[in-house]
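Each of the next two complexes has subunit A plus one other chain: subunit B in the first, subunit C in the second.
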Partner chain A sequence: MINKVKDILQGKIIKWEEKSSKRHYIEIDKKDLRSAAELLFRKLELRFCIATGLDNVKNMEVLYHFSDDKTGVVYSLRVFTDRDKGKIPSIADIIKGATWIEREMRELLGIEFTGAADTSRLLLDPTWPEGVYPLRKDYEYGRKEPRGEDSCRRPNIKIEELTKNGKKTKIIPIGPYHPLQEEPEFFELMVQGEKVIDLNINLGYNHRGIEKIAEGKHWDQVTFLVERICGICSCSHPYAYVNAVEDLLGLEIPLRAKYVRTVIAELERIHSHLLWLGLAGHFLGYNTVWMWAWKYRETVLDLCEQISGNRNHYAMMRIGGVRKDIFNSEIDGMKEKAASLVPILDLFKGAVIDDPVIHARTKNIGVLSKEEAINYCVTGPTARPSGLDQDIRKIDILNGAYQLIEWDVIVCQNGDIFDKTVCRVLEMYESVKIITQCLDKLKGLKEGNIWEEVREIPPGEGIGRYEAPRGEVWHYVRSDGGNTPVRHKIRAPSYMNVLSNELAAVGGDVSDAAITLAAVDPCYCCTERMQAVENGNVKYNWEELLRLSEEKTKRLRGELK
Partner chain B sequence: MKTIFYFLVFPGFLFALIVGMVASYIERKVTARVQWRVGPPILQPWYDLLKLFTKESVVPENAHLLTFLATPVLFMVSATLVAMYAGMAFFFPDAAFQGDLIVIVYLLTIPPICLILAGAASANPLASLGASREIKLVLSYELVFWMTIAVIWVKTGGELSLVNIMNKPPVMYSYSGGIASVLALFVMQAKLGRVPFDIAEAETEIMAGAYIEYSGPLLGFFKMGQYILLATLPFFISSIFWGGVNVFKYVALLVIVILVENTNPRLKVKQCLKLFWFILFPLSLVALILAVVGL
Partner chain C sequence: MNKLKILSKSIWVFHFASAACNNCDIEILDVLTPRFDVERFGVKLVGSIKHADAMLVSGMMNRKGAEFLKDLYDQAPKPLAVIAFGSCASSMGMFKVSYNRVIPVDEIIPVTAYIPGCPPRPEAIIDGIVKVVKKLRGEI
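Coming up: the complex of A and B.
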C-alpha cells in the first residue's frame, strides 16, 4: 500500500516523512490537495479521518489524515498556507465527511476554504465577532470578547420554511432541549405531514474548548482533562491520547499494563452499549428495556469501581502504562462477575432481537448504505452495520492486548437500525470474551510492573487512535519539547457519525427520525468538545447565581401575595 | 337532585376519580416493580393533582383562547358522563335507561375529539402533529370498536341496555364473543393511550403531543379525565363482555393493560392503522358473522 500511495502521488510529493511503519506524513503543495485527496479517497479507498489545523505563527498548517483500515497505516497530507487570509481549496465536495471540519477550521483558525458550499459557523455563537479566531496562538484562553446587543443565545425556532425546491414545510424542532436527547442539540426536521423531507443540524450548545485548554496543561494533566470530555467514553479518550504520546515517543508499554488497559476499555464498551440499548428502548417507548439494561449495567460499573475506584472517570491511563494494577487475588471474582453478564446478554438478545414490534420499528429504517457510509466517513457501530469491516482495535493499537487474544469484529450488512442494534449486542459478547481472556492472562503475570518511566516528551508529532464504543477516537499531539502540547487535536466518533443523520433520517416518519437520530449513539459533549470557546464572560459565579435565584423567588412570592 | 348526585359523587365524578387514582397508583407501582424501581407512594396521583391545581396555567400567545380553555374541561366532563352511565347501570339498575350502550359509545369518542381540538388550538407544531396522530388513531380503532359492540348487540338479541346485557349470560363464552372481547382489549389499550398505542403523546418524539402547551389546572383537568377513563374503560368492557364487574375482573383487566404496556415498544401511526384496519377489522368481521350464525 505504501508503494501504491507513493506511485499515485508521483510528482506531487514535496517531502515524505516516515515517523514509524504506521505513520506517514506527506507534504504536498496546496494546489495539489484536491487531486491528492481524491486519489487517496476514491482510488485507494482510504478513509478520511479528520483534518488538523495548526497555527505555526509564521504560517498555517493543515494535516489531512487518511487511514488504511486494512493495515492500520495513517497517511497524513500536510499543506501550508499564509497566516493572514490563508486559502486552501475545499475538499468537502469530494469527501462529505470533511464538511464540518472545514467549517470549524474556518471559524476557529481563520483559514478560508475556497469553493466550500457551506461556510456558516459550526460551533461558535452567532454573536461572536468576525475576525477573532480563538484557536490561534495569539488568542489567550478565557479572553473576553465584547458582546453585541442581542447576545443571548436564543435558538431562532422557526415554524415554517421553504425547502430547496421552493415548497413550504413545517418544522418540527428536536432540541435544543428535548426528551429525546440527554444533551442540548438542535435538529430541525422539515416535515410534510409525518414525513421528514429535510434535516438541519445545529451544533455548539455544549462547546467547552478542551483543545485550547489542553495547550495550557502539562502532558500528564491532559490525560485527566480528556477523560472529562465525556463521562461515557472516559477511558477511550485518555487511551487514544496516551497512544498518541506513545506514538510520538515510540514507546512500548509493559505487557501487564496492556492487559489492564484492555480490560478497563472493554468494560467501558459494555457499559456504554448497555446504556445505549436502554436509551434506544426508551426512545421506542419500551421503558422496561431501558430500566433493565441500566440495572444490569450496574454489574459492569461495579467491576469498574473494583478496578479503578470509580464508576466513571477511571483515571487508569498514564503515559507509559496504567496508574493502578489489578490484584491477582481478585481476578477470580471478577471473572465470575464478567461471566454473569452472558445470561443477561442472552436475555436482551432474546427480548430485543426476537420482538416482532421491534422488528416493525427498526428494520429497513434509517438505512445508511455502504457507499454513503464511506462518503460520510462514519466509524464504529455506525459503519460496521453498513458492511464496513473497520475496527481500530484489530489494526492500530500497539499498546493494547487486542493482538494477543482471540476475538472477532462484528460486521452486519443492511445498515438499518436493527443491524445497528444487533451489532452492538453482539459486540458486548465479544467484549466479555476479551475481558475473560485478559483476566486469565493477567493471572499468569506478576503484579507490579505496570508502567514505563517517561520523563521528557521530545519535539515531534504523534497520532493515537482507539475504538471507542461509538467508533474511532482520534488524538493528534505535537510537541516542541516543552511541558505542554503545542497542539492537541481531538476528534470524537460522533463528530463523523452525527452528520450521517442528514441522510438516514430523511425520508422516514417523525417516529423513525427519533430512533434514527439516536441510533448513531450520539454523544454531543464529544462532538463539540473541540476548540476554544468559552464566551469568555464569567458573569456570575455559583454563589451569585444562587443569590439571584433566591432573590427572584422572594420577589415572585411578594408579587403573588 | 338525584342526577346531580349521580354525576358528582357516585358513581360519577368523585367515585370514578378515586377509583381512577387508585388504578393509576397500581399501574405506576406495578410498572415500577417490573422495572426494578421502587415506585410512588399511594397518594402520588393526589399529590400530582394538588400540585397542578396550585400552579399557574400558561396560555400560548397564538392559541385559540376559548378552545384552549374549554377542551380540558369538556374532556373531563365527557369522561365523567361515561363513568356515570356505566356506573348507574351497575349500581342503580332502576335509574338506568334503555339505549345507554349507544350513549356511552358516543360519549367515549368525545375525549379524543377534545384532545384533537386542544392540539389544534395550541399553535405549536408538536401539538398539531399530536392532534393529527390522534385523528389517525381514532380512525383506526373506532371501526373495530363499533364492530365489537355490534357483536354484543347480535349476541344478546338486540339489547342496547347495559342492565339487560349484564343480566344475560356473559358474551365472551362463545366463539364470536371471545374474539370480540380480545379485540375490545386492543381498543381499550388504544383508547387509554397506553403503549403500544401512545402514539399521540410519544414523549421522545413529539413531547406529549397535544398536551405540550398545557400546564397547571388545565393540565389537571386532562389528568383527572384520564384517571376517570382509566377507572371507567375496564369497568365498561368488563360489564359488556364479562357479564358484570367485580374487583377481580377489574383488576385483571388493569393488569392486562399494564403488562402489555410494559412489554412492548410504541408502534408508528401507520403501523397502528394497518393493524386495526387490515388485521383486527377482518377478525371483527369474522366475529360478527359467527355471531349472526349463532356461534
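Coming up: the complex of A and C.
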C-alpha cells in the first residue's frame, strides 16, 4: 500500500516523512490537495479520519489524515498556507465527512476554505466577535470574550420556509438539551405529515474548548482533562491520548500494563453498550429493558470500581503504562463476575433479537448503506453494521493486548437499526471473552511492573487511536520539547457518526426519528426537552414524540398477535 | 405553616445539562434504576420545568447554554430548589480557563444545594436528596 500511495501521488510529493512503519507524513502543495485527497479516498479507498489545523505563528498548517483500515497505517497530507487570509481549497464536496471539520477550522483558526458550500459557524455562538480565533497562539490562555444578548438563541425559524414543494412543512426541533445526544446538539426535523423530509444539525452546545485547555496543562495532567470529554468514553479518550504520546516517543509499555489497559477499556465497552441498549429499549417503549439493562450494568461498574476506585472516571492511564495494578489475588472473583454477565447477555439477546415487535420497529429503519457509510466516514458500531470491516483494536493498538488474545470483529450487512443493535449485543460477548482471557494472562504475570518511566517529551508529533464503544477516537499531539502540548487535536467518534443522521433519518416516520437519531449512540443523558413549533404554536414536545414511538410499538404488537 | 413541606413528599426533578461530560447525567439516571431507586422517595424526572419542584444543573455553563438556564428558572413555578450537580456546576472545575465559559451557575440563579464530585457517587446523590428534603421541611 505504501508503494501504491507513492505511485499515485507521484509528482505531488514535496517531502515524504516516515515517522514509523504506521505513520507517514506527506507534504504536498495546497494546489494539489484536492486531487491528492480524491485519489487517496476514491482510488485507494482510504478512510478520511479528520483534519488537524495548526497555528505555527509564521504560517498555518493543515494535516489531512487518511487511514488504511486493513493495515492500520495512517497517511497524513500536510499543507501550508499563509497565516493571514490563508486559503486552502475545500475537499468537502469530495469527502462528505470533511464538512464539519472545515467549518470548525474556519471559526477556530481562521483558515478560509475556498469553494466550501457551508461556511456558517459550527461550535461558537453567533455573538462571538468576528476575527477572534481561540485556537491561534496569540489568543491568551484563559481569556474570555464578552457575551452578547442573543448568544444562545435558536436560529429563527422563518414562516416562509414552512412550505416546501407546495406542501405544508413543519419543523420539529429536537434539543438542544436532550437525552438523545452525547453532546447537547440541536436537530431540526422538517416534516410533511409523518414523513421526515430534511434534517438540520446544529452543534456547539457542549463546546468547552478542551483542545485549548490542553495547551496549558502538563503532559500528565492532560490525561485527566481528556477523561472529562465524555463520561462514558472516559477510558477511551485517555487511551487514545497516551497512544498518541507513546507514538511520539516510540515507546512500548510493559506487558502487564497492556493487559490492565485492555481489561478496563473492555469493561467500559460493556457498560456503554448496556447503557445504549437500555435506553434504546426505553425509546421503543420497552421500559423493562431499560431497567434490566441498567441493573446489570451495575455489575460492570462494580468491577470498574474494584480495579480503579471509581465508578466512571477511572484515571487508569498514564504515559508509559497504567496508574494502578490489578491484584492477582482478586482475579478469580473478577472472573466470576465477568462470567456472570454471559447469562444476562443471553437474556438480552433473546429479549431484543427474537422479538417480532422489535423486528418490526427496527428492521429497514434508518438504513445507512455501505457506500454512504464510506462517504460519511463513519466509524465503529455505526460503520460495522453497514458492512465495513474496520476495528482499530485489530490494526493499530501497539500498547494493548488485542493482538495477544483471540476475539472477533462483529460485522453485519444491512446497516439498519436492527443490525446496529445486534452488532452491539454481540460485541459485548466479545468483550467478556477479551476480559476473561486478559485476566487469565494477568494471573501468570508478576504484579508490579506496570509503567515505564517517562521523563520528558521530545519535539515531534504523534497520532493515537482507540476503538471507543462508539467508534474510533482520534488524538493528535505535537510537542516542541516543553512541558505542555503545542497542539492537541481530538476527534470523538460521534463527530463523524452524527452527521450521517442527516441521511438515516430523512425519509422515515417522525415516530422513528427518536430511535434513528439514537442509533448512532450519541448517548442519552438528561431528561428530555423538545418542542415542535408550528407558526409559533407548540405541536409536539419530547414526551409526545416518545408517546408516538411507544404507540407505534403497541400498535405493531397488536397487529403481530 | 411552611408551605414547602408539601413538596418534600415527592420531589419532581427537571434535569438541565449544559456542556457536561455526560457522566453526571448518567449517574442521575443511574440512581433511578433498580439498585439505588430514588423513586422510593417519590423522586421522579419530568420533561418540563413547569412540572418540576427541583432543578438539577450539571456541567460548566457555556456561551450557548447559559441563557437557557436563566429562561428555565424564570419559567419555573416557585419555590424551586436548584441543585448544582457535580464539580463543574459547583465551581466550573477544570473548565474555569475555557474560552467558551460564562459564569458559574450560582451567579446566574440562586442555588439551594451543591452535590460535589466528579461524578458524585449515587450515595452522595441520595445524601443530597435527603438534605434537600430536610431543607424543604425547614429542618435545616
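Note that the second predicted complex is superposed on the first by the 493 of 561 C-alpha atoms of A that agree within 3 Å, B and C clash if a C-alpha of one lies under 4 Å from a C-alpha of the other, contacts with A are read in each partner's own complex, and residues count from 1 in each chain.
The criterion applied here is as follows: a residue touches a chain if its C-beta (ideal position, glycine included) is under 8 Å from a C-beta of that chain, and two chains touch if they have at least 3 such contacts.
Small disclaimer: the values here were computed from a predicted structure and weren't measured.
Novice: For A:Pro343, select first, second, both or neither according to whether it touches subunit B, subunit C, the two together, or no partner.
Specialist: Touch partners of A:Pro343: none, neither subunit B nor subunit C.
Novice: Under the stated touch criterion, which partner chain does A:Ile172 make contact with: subunit B (first), subunit C (second), both, or neither?
Specialist: First partner only.
Novice: Let me test your reading of the model: by the given contact rule, A:Met291 touches which partner, first (subunit B), second (subunit C), both or neither?
Specialist: After superposition on chain A, A:Met291 lies in contact with both partners, subunit B and subunit C.
Novice: Specify the partner with more touching residues on subunit A, choosing between subunit B and subunit C.
Specialist: Larger number of subunit A residues touched: C.
Novice: In the superposed arrangement, does A:Ile229 touch subunit B (first), subunit C (second), both or neither?
Specialist: It touches subunit C, and subunit B stays clear.
Novice: Which partner does A:Pro146 contact after superposing on A: first (subunit B), second (subunit C), both, neither?
Specialist: Neither partner.
Novice: Counting only touches as set out at the top, which of subunit B and subunit C does A:Gly448 meet: first, second, both, neither?
Specialist: A:Gly448 sits against neither subunit B nor subunit C.
Novice: Tell me which partner A:Gly281 touches in the superposition: subunit B (first), subunit C (second), both or neither.
Specialist: In the superposed model, A:Gly281 contacts subunit B only, not subunit C.
Novice: Just checking: does A:Gly11 make contact with subunit B only, subunit C only, both, or neither of them? Give me first, second, both or neither.
Specialist: neither
Novice: Is there a shared patch on subunit A that both subunit B and subunit C touch, and which residues make it up?
Specialist: Dual-contact residues (subunit A): 290-291, 295.
Novice: Can you list the residues on subunit C that touch subunit A in the complex?
Specialist: Residues 13-30, 33-35, 45-48, 58-60, 62-68, 93-95, 97-102, 118-119, 121.
Novice: Okay, in this complex, where on subunit A does subunit B touch?
Specialist: Interface residues on subunit A, with respect to subunit B: 159, 170-173, 178-180, 191, 193-194, 281-292, 295, 355, 357-358, 360-361, 509-514.
Novice: What residues of subunit A sit close enough to touch subunit C in their complex?
Specialist: Residue positions touching the partner: 124-125, 127-128, 134, 139, 141-145, 147, 151-153, 176-177, 182-184, 204-210, 212-213, 216, 224-225, 228-232, 234, 275, 290-291, 294-295, 298, 311-313, 523, 525-529, 541-543.
Novice: Under the stated contact criterion, what part of subunit B meets subunit A in this complex?
Specialist: Against subunit A, the touching part of subunit B is residues 31, 34-37, 125-126, 128-129, 132-133, 195-196, 198-199, 202-207, 262-271.
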